[in-house]
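Below are structures written as structure tokens.
In the two complexes that follow, chain A is the common piece, with chain B as its partner first and chain C second.
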Partner chain A sequence: MSLPATQRRGRVGGPPDDPPRRARTRRRRIPAKRWFPYVLLVPALLAELAVHVIPMLVGVWMSVQQVNQFTLRNWTRAPFIGLDNFALAARLSSPAGQQLLRSFTTTVVFTVLVVVLCWLLGLAAAVALQKPFPGRGVLRTLFLVPFALPVFTAVITWRFMLQRDTGLVNRVLVDGLGLFDDKPFWLVGPNSFVSLVVVMVWRVWPYAFLTITAGLQSIPDELYEVAEMDGAGPWQQLRRVTLPMLRPVNRVLLLVLFLWSFNDFTVPYTLFGAAAPPDADVLSVHIYQSSFVTWNFGLGSAMSVLVLAFLLVASAIYMLFSGRRAEHA
Partner chain B sequence: MRSSRTTAVLAVLLLVFGITACGSGSSSSDGKTLTYWASNQASSLDADRQILQPELAKFEQQTGIHVNLEVISWPDLLNRILAATTSGEGPDVVNIGNTWSASLQATGALQPFDDATLAKVGGKDKFLASSMAATGAPGQPPAAVPLYGLAYGLFYNKKLFADAGVAPPKTWQDLVAVAHRLTDPGKGQWGVGLEGASYTEGAHFAFMFGRQHGAQLFVNGEPGFDTPQMVAGVSQYVDLLTGGVVNPSDAEHENDTEMLRDFAAGKSAMIMVQNYATAALKTDGMDESQYGVVPIPVPDPLPAGGAKVSSHVAGIDIAAFANSKNPDGALKLIDFMTGVDEQKVLNGKLGSLPVVTQAYQDPQFQTPLIATFRGVLADAAESMPMIAQESQFETLIGTSVKELLAQAAGGTKIDAAAVQAKLTAANEQMRTGG
Partner chain C sequence: MRDGVGVRVARITVIVVLTVFTVVPLYVMLVSSVKPLRDVQGAFTLLPSAVTVQPFIDMWRTVPLAQYFVNSVWVSLGASVCSVLIAILAAYALSRYRFRGRGGFLTMVLSTQMFPGILFLLPLFLIYVNLDRAAGTSLFGSRFGLIITYLTFALPFSIWLLVGYFDSIPRELDEAALVDGASPLGALVRVVLPAALPGVAAVTIYAFMTAWTEVLFASVLTTTETRTLAVGLRSYATQSNVYWNQVMAASLVVSLPVVAGFLLLQKALVRGLTAGAVKA
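And then the complex of A and B:
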């Protein structure tokens, strides 16, 4: 993608009265210029390899080995068992397979809810704060607080609030508003899923808000003025101007939200501990339990690889599909 | 367009591969230093350090070996040990939960205590026989030796008992009857407090009560989680909640904090907990004179084949890493920590039970309270299954019990068939290695 030499020269605008020197300089400098950015990237690439790529490859390799308490110490020489771990994880007739499927379904529903709710809240808040008014800065800052708080601290606070007898949530819902006759459970049983969704949305929606707010800045005011002159109300402006203009932003935002919610470990683990209630047993915690708690690292890796494959395929389809729509738009 | 697509795909890859690895450790090679990972026994990591540091200074004075101490919280300890096991870089000496003994033994990461090695730390007979049973799989050299002893007891609120005119229960039937007498939901008072969402507690009670009904959890390595005896044992525990003597809210207690606070506040009249609770109850404002402790009663008559098991052999073991570059120093430290003098000091300060018989001669361990726990540990305790797959067993059974309690608390009727179904699923999963 480098510019043609003539164009570049025109841009740099070197002194026209000394062509031989200029040519010499260019010959010496161009390779260095070309390589310099790559040299700068090397540390980041190395870190990326060490932190993400190599552990991931090790994980893939572990998924075809029998890595458990008997082989852990010499795990590099653990017996090769091919696809046995995958067969065990994916065999739907076995309890392990059934639980993985249930956990997968829970995770998909959880992810869809979180992505949709975060996006809707983020959009609503960003649009509401689009035009300047007194106190807008304060509100923006307030909205970003959940995202800025350390996850663990924030979720532990939720844990206290969700306790049945002493929690603030039941104090408000039952004692204050009288919505329930009997105090509901929020940390065990079916409601634990609701709690997980609420806490996750609370935690992540500011990111949607932030991204959409940034996206709105790039929409020229003229478009709204023209739309208004054509008689478009706020709803139509949203549909005909804001949303189409936000499409590139939304494309990435939705993907990021999807991957974050699908993979999130800290929120469910902090809320429920290592053994999450079956209704809120999302994949990240389920896999953690299948590997770290029960020492079956091979099986845990196989489950992780399955999740990875699913996310890759889902993300690739999404990018392809949304890309095509963007091109046609 | 092409480049933006490539960038997008790369970005996706980087986002998707959100996997990290960690693990670190340190070891010493000059014979003059040791690294010791201690478990969290006191009220905080710092409190542990303050108790251990002066003792380790004594050790340095005696042997010239300096000990680098790190106190590690329970949620991190096993992960740290596993990381050290895989990397080969770890501490020289480490505390382990004694139920992990056989699993860690199977990894080969711990120095086996064969007779010659045991002799260097005072020999097998120095230790309480029951505690010694929880140091590894039977028939193999132990992977560790006991360090701190723990046992379950039934704590009861003396005032509530006196007000109701009831005596501490001697049989399980008694316990249930007394619990009914002391339950008054209108006053916010319940007969028994539970740690319902803790899967480890669930596993302990399933084991203890299952054994009371004669359950054999593993026969020749085959799991037997769903036998009628196990169903009876698990039902005995869950029935406390379905029977109405436990506050249903207890089903969400994931650790002991709330259970102990409720007991100290008189909201529950009895709790079944290990002796470490005495220190926590003091912090919660309950003086030792305000509660009594008796062994957790067993059904009378005991079901056929049943054993008088009031506790599992709970406690902390101490082990030497096989990779230690200072194995002699490591054994010296273990000998020191399990010596009579240190056992008196450490268990006295930590509220645990000495694991060496001689230490009990010290007057501080001759209170009725300690006598009760010692009696349980010595005569009415069996060790959890000492098998390499112990953690799978604990997770599967414990999670089943936790889910049953949650269902019961939510109003679902839990009968023997429901218990059986849960246990059969757990059994199947254990059998297939899932």
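And then the complex of A and C:
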């Protein structure tokens, strides 16, 4: 922790200088200072506007227009249809509405499973590696590799392992352990959902691990010593010291995991392709499919806006709720 | 005090299970890449019947992998260099100056991260396609278009991490440079940047990695000529006859630079990632 040291040196050991001269130079620089930071921000601002903000506004605008393969060429003058796209997306009697609802449910269940499993694995690993032992550094690095690997190469490898006839998974589960009589399919049908969860957890749990590890390092040893003197066993220390102290870390970690899992496109797309099996048809792929395969951009935008609205509301409620709980603690 | 038996058993179980879970896919990738074709066409075997480097040679011919490689290198280098330059300027402003709109800017930059990519992909696609027709510039399907898109992806993290690094460098240093007659940019380049070099290296690697591994935008905004590895690798897997050993060999080669970069700069990256999570 060199940071406090350098700060201290700057404050205490720094030259008293001669104050009047410094004040004068600073005053002379004031006009330059006022516009200078804005100039520095211009490139970042332009980039954000061009790639995120303006397209997002255009997306909201597109959601109230009829943008499809006929009007795509002149989409700026596509017919205005008000909330018809939203009505179509949300009408449960229509096939589009039913598919969206099913996809939404799938995504929510997927997200909850991934967040909970990643958090549990990350916590277990971080606590298991909390005390030093030979080989701890190697394990720490090893656990990070799934997170460092490009997602698509990792997922292609899983795809290979999940092949019905030649994959490692069926080899172990069917030939090795005899859990199934017939080799199950893992990339189509109901099992595809299980595959998706497992692959996503494999990919993301290291992030939970390293965040929780960082959180553990900020817990003073004295707290454990006091708990031990009071006769708390390892499990009670975990419940009474570790978990409460991790609350601020968990608060953000869970939100990040939630947003990642909910929005993730690469894992399902690489695992199944653009046409995901119905059981694993999460929203990102579903919207992609209905936009770029059926070319109904207006409907796709409306669904994206609905997803965004859901994410905003869910995140806001979560931040409010977890913030209040943190205050009570 | 020594841990009880139960605690030790639990710890060892956790470590063993997670190590196996982590290692198995890595092992599969590695071992399959040196297997002859007949091995990967049959049931999976732990060891290859014969070790061969043929997949590493053949993989370049089955799909235009070299072309994908060149595209990925161009796009990732372009995006990371531009992104880091922009982030340095912004982070310097945010670290050294207090000005109106500072908080608003930080909030905007950070909040763009939470939005589903698909929401701005559709409009971006249409904007790029239409720019093509209106201005004669071809952003759609060009490496340049992809560079512009990707350079914003790493921006929030880069700015965040660099502000932290810049804040840890005493202001007295660049104020002294200013007094000595350096311009504010001169103070940034000569005093602040050299001291923040590990942070700059870390965000460069991070920006490179985001571009190198991005799939959603690459799958839409590229054509056959500009396809990146992220999309190109799928073309092995969707052919009727899948050369899994070549797929694994290619995956390995594509992964190595990124994993190496990540592990080299692990500490700095982890510090930034966790600082973001803890402070936010």
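Convention: the second predicted complex is superposed on the first by the 284 of 329 C-alpha atoms of A that agree within 3 Å, B and C clash if a C-alpha of one lies under 4 Å from a C-alpha of the other, contacts with A are read in each partner's own complex, and residues count from 1 in each chain.
Just so we're on the same page, a contact is a pair of C-beta atoms (placed from the backbone, for glycine too) under 8 Å apart; a residue touches a chain by one contact, two chains touch by 3 or more.
All figures in this text were calculated on a predicted structure; none of them were measured in a lab.
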item: Partner chain(s) touched by A:Ala96 [first = chain B, second = chain C, both, neither]; value: first
item: Partner chain(s) touched by A:Gln69 [first = chain B, second = chain C, both, neither]; value: first
item: Partner chain in contact with A:Leu210 - chain B first, chain C second, else both or neither; value: second
item: Partner chain in contact with A:Leu311 - chain B first, chain C second, else both or neither; value: both
item: Touching partner for A:Thr266 - first (chain B), second (chain C), both, neither; value: second
item: Partner chain in contact with A:Leu299 - chain B first, chain C second, else both or neither; value: first
item: First, second, both or neither for A:His52, with chain B first and chain C second; value: both
item: Touched partner set for A:Gln237, first chain B, second chain C, both or neither; value: neither
item: Residues of chain A touched, compared between chain B and chain C (which is higher); value: C
item: Overlap of the chain B and chain C footprints on chain A, listed as residue numbers; value: 48, 51-53, 55-56, 58-59, 72, 75, 165, 252, 256, 259, 263, 273, 292, 304, 308, 311, 315
item: Complex contact set, residues of chain A against chain B; value: 1, 48, 51-53, 55-56, 58-59, 69-70, 72-73, 75, 88-89, 94-97, 99, 163-165, 183, 185, 187-190, 252, 255-256, 259, 263, 272-275, 277-278, 289, 292-296, 299, 304, 308, 311-312, 315-316, 319, 323
item: Residues on chain C engaged by chain A in the complex (per definition of touch); value: 1, 3-4, 7, 10-11, 14-15, 18-19, 21-26, 28-29, 32, 40-44, 85-87, 89-90, 92-94, 96-97, 99, 101-102, 105, 108-109, 112-124, 126-127, 130, 148-149, 151-152, 155, 159, 168-172, 175, 178-179, 184, 209, 212-216, 219-220, 229-230, 233-234, 237-238, 244, 247-248, 251-252, 254-255, 258-259, 262-263, 266, 270, 273-274, 277-278, 280
item: Chain A residues touching chain C - in the complex, by the definition given at the top; value: 3, 6-7, 9-10, 14-15, 22, 25, 29, 32-34, 36-38, 40-41, 43-45, 47-48, 50-56, 58-59, 62, 67, 72, 75-76, 121, 124-125, 127-129, 139, 141-154, 156-161, 165-168, 171, 175, 202, 207, 210-211, 214-215, 218, 228, 233-234, 248-249, 252-253, 256, 259, 262-263, 265-266, 269-270, 273, 283-284, 287-288, 291-292, 297, 300-301, 304-305, 307-308, 311, 315
item: Contact footprint of chain A on chain B as seen in their complex; value: 3, 5, 8-9, 12-21, 79, 82, 85-86, 88, 103-104, 106-109, 196-197, 199, 247-249, 251-252, 254, 258, 388-389, 391-392, 395-396, 398-399, 402-403, 406-407, 409-410, 425-426, 428-429, 432-434
